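Sharing a structure with you now.
The chains carry the letters A, B and C, assigned in the order they are written, with residues numbered from 1 in each.
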Amino acid sequence: MFNQQELSAILDNMSEELAAQLQGCAFKMVGIRTGGVWIARELAKRLDYDEEIGELDISFYRDDFTRIGLNPSVTPTRLPFGCEDAHLLLVDDIIMSGRTIRAAMNELFDFGRPASITLAVLADLGQRELPIAASVTGQVMQLPKGKRLKLSGPEPLSLNQES
Amino acid sequence: MSSSLQLNHNGNLKHFLSISGLDKALLTSILDTADSFIEVGERTIRNVPLLRGKTVVNLFFEPSTRTRSTFELAAKRLSADVLNLDIRTSATSKGESLSDMLMNLEAMASDMFIVRHAQSGAPHFIAESVTPGVGIINAGDGWHAHPTQAMLDMLTIRQKKGRIEGLKVGIIGDILHSRVARSQIRALKMLGADEVRVIAPNTLLPPEIESLGATVFNQLSAGLKDLDVVIMLRLQRERMHGALLPSEQEYYKRYGLTQNALKYAKPDAIVMHPGPINRGVEIESAVADGKQSVILDQVTNGIAVRMAVMSMAMSGQTEAKNLLKEAQSA
Amino acid sequence: MKLKLVDGQYLSPDQTWKSFKSIYIEDGKVKSIDQDADIDTERTIDCSGLRVIPALIDLNVTLKKATTNSNTEHSEVEAAVAGGVSTFCCSPDISPINDSPAASKLLASLASAQSKVEILPLGALTQQLQGEALSEYAELRDAGCIGLSNAYLPINDLLTTKRCFDYAHTYGLSVFVHPMERSLYQGSMHSGSVSTMLGLQGISYLAESIAVSQLIMLAKNSGAHLHLAQVSCKESVDLIRKAKNDGLTVTADVAVANLVYTHEAVQGFSSVFHCCPPLRDETDRLSLINAVKDGTIDAICSAHQPCGNSDKQAPFAESAKGLSTIEHLMHYAKMLDNSGELSVEAFVKAMTLGASKALKRHAPLIEIGASANLAIISSGNAKELKAGSMKSFGKNSPIIGHKLLTEVTHTLRSGELVYEKQSS
């Protein structure tokens, strides 16, 4: 659907919007594993953010544990900064129901009370089940029924439909 | 038998009863999941909401403050409700059978039992008798197994040595009565340790221990030679009564881990002990508190490993329930 | 009852299978084989595809609560005849323990109240089977006990054992002992690789073989007849073989489970295999089979011990001991035959000729004039055994869910049909 060049253009736009929104704010970047971390790295390059990016594994915070169980390949969350009073830029690849973002925010709060959280996502598929909205969205899209969207990466990045 | 009892149809853990019957991939995934929980333990808020609304029952038929506390802490960090039952003072003394007692506990809508029992195989028996959906974690049964202790030891070795493959490990002390040693030997062999030695006088060795893959050494210095990991076992004082050992002094002189004895092992060897330590009975204070000792890391890792095993077993039970539902609706 | 069996095979006195056209049974005896007899038979049993064997004699059956629960006693008798057994020795570990003439008489009255099987009571070797004081041997003999046994409980010390032998010999009573050296007989299974793996306390072969060597010496010294009951290991076999070569009148039996299973069966804490003597290793099992073949071990017994379901519902070492085996003896015989380890003929011989030798009785053979104690067996119909279809109240059978290889279709005792398999 989108190859690396096309994604690059979308990311350029996103970083411009973010730069405007976060002007003068000393923010910390956090990506949601796995796709969100790749997007966060791309945005960091464009935003001249040279600190280490936080990596969030939300497996322990998912609200569907009692239905689908534990992610078999959970890896430790790594936050190289404190959350208390920090302005956080949370990045994910795709937003749909909003449940992943809710889990991520719950997890971030267990590291401390942030001053603010800004959410950036590459693709928004709609179908929200929770009142959650991204501050910056790369591309709003609609998928045919039965299709899923998958980000491949990190080199090269591409966004594809799968069934 | 025990492998099919421990795993659901997808090969995921649903009870954790013994190391035996679990493959290398599953043991490694327990260690990897535990690594993630170690990170959780370093946060401001150490709880994750994974088992919120679940009830975990600590079913201890044998006293153990330490193991029970780490299981309790692990369950609480997973946000589960915890019920501690000290069985010695309640059920069995009133002649209630184990099966009857379990039915009562299930009626309280428990989701998981952490079982410690003086009889080898008691957790197996309970796992076979409980209603499907209730996970059983073995917290030590008789002389048979103590799989969470073995896994926290594996995690500690992997942290300190970077790997388990190719290591030489010695276990020193009362192997005969040790469920810890049996589980450790199993886990070490399955995870690829090069050599597992048991070092003890013959009265403290079970028959045909070699069949588990261990090599027997009667002499401490020979057994310690070239070891990467030295695991000490606690020596129960009552062993002096049953004609197993003549005296603590004679034992300490020949099998006690002193700084001098430790010189036979590799210079960077680590020293482990499942606790509680008998200073001057099996280990010298200077070694227990020395720089090669990783005994305190074992305690920290114990919580993470138990969190991992509890959440994996609960997940496996969930999966089994879903499979059952699908099968019924199909 | 006048009976005619037609068109089958029977196990002849020379231990080979012979085809027959007819066997007439009258007045409790075999009247004729393949000769027309002028008898109006009340019943003809078509034996085509079936085999007729002498009914089995079982040297050890535990009835458990037989005297307190008449149903239990009844069920075990039904189980015995369904297994092709016409005679069995009743172990003294019943309730009340058979250590007094009163208890023996109670048992004898139970035995005579039913006519399906012959029950031979074994009196307690020591009071309450405690291994300390002698019970009243002379009184027990007069009350009908055919021998003495201490069931599966050890005797305190050698002095007591010596006195047991000396006193038993005074009254010509045989001593049936399961050899156990008390201080070593501690644990719940065989001491070996599996006990080490499972962390269960193991019973060393020494706990048995040391007792065997002591018992042989004591028996020789006293002159009493020693029957070593349910030996389980190679070392015991070697000692018995030597004693027999030395001309001693010692006899021995083995429990069927020890011929079929080893300690590997206990893997996974399978409490159905918790039994006494323990299942030992493959070397022991093969040595026991060879001993049956060469006659070192005279007899095979069921060592039948029915347990209630709840008795086995416990962690392994706390679960009740014993296997419920009497109903399916011929299934186990066929298992051993199929594996080429022991022929059905040899198995039957051990449970008829061998057992009667231990009991000092006439050999039960299928010949004209002999008592018509017979069992008719079929090759199994490949149906899975269900607990609910077992006659024994003890459902502690290791072959539940297995396909039966052989079934007993009829059992005759003294010419009377005491069991007939219901076609289902």
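A few notes on this one:
Please note the rule applied: contacts are C-beta pairs under 8 Å (C-beta built on N, C-alpha and C of every residue); 3 or more make two chains touch, one makes a residue touch a chain.
Just so we're clear, the structure is a prediction, and the values are computed from it rather than from any experiment.
Here the chain at the heart of the structure, going by C-alpha means, is B.
Distance between Cα centroids is largest for the pairing of chain C with A. With centres set at the average Cα position, the gap from chain A to chain B is 39 Å.
Centres computed as Cα averages put chain A at a distance of 75 Å from chain C. Remark: chain B and chain C have CA centroids separated by 44 Å (rounded to whole angstrom).
By the touch criterion given at the top, residues 57, 59-61, 65-70, 72-78, 84, 106-107, 109-112 of chain A touch chain B in their complex.
Interface residues of chain B, counted against chain A in their complex, comprise 12, 29, 32-33, 35-40, 43-45, 47-51, 53, 311-312, 314-316, 318-319, 322. Partner chain B is touched in their complex by these residues of chain C: 191-193, 195-202, 204, 267-271, 310, 313-318.
Contact residues on chain B toward chain C in their complex (touch as defined above): 1-2, 5, 20, 97-99, 117, 119-122, 124-125, 129, 141-145, 179, 182, 206-209, 211-212.
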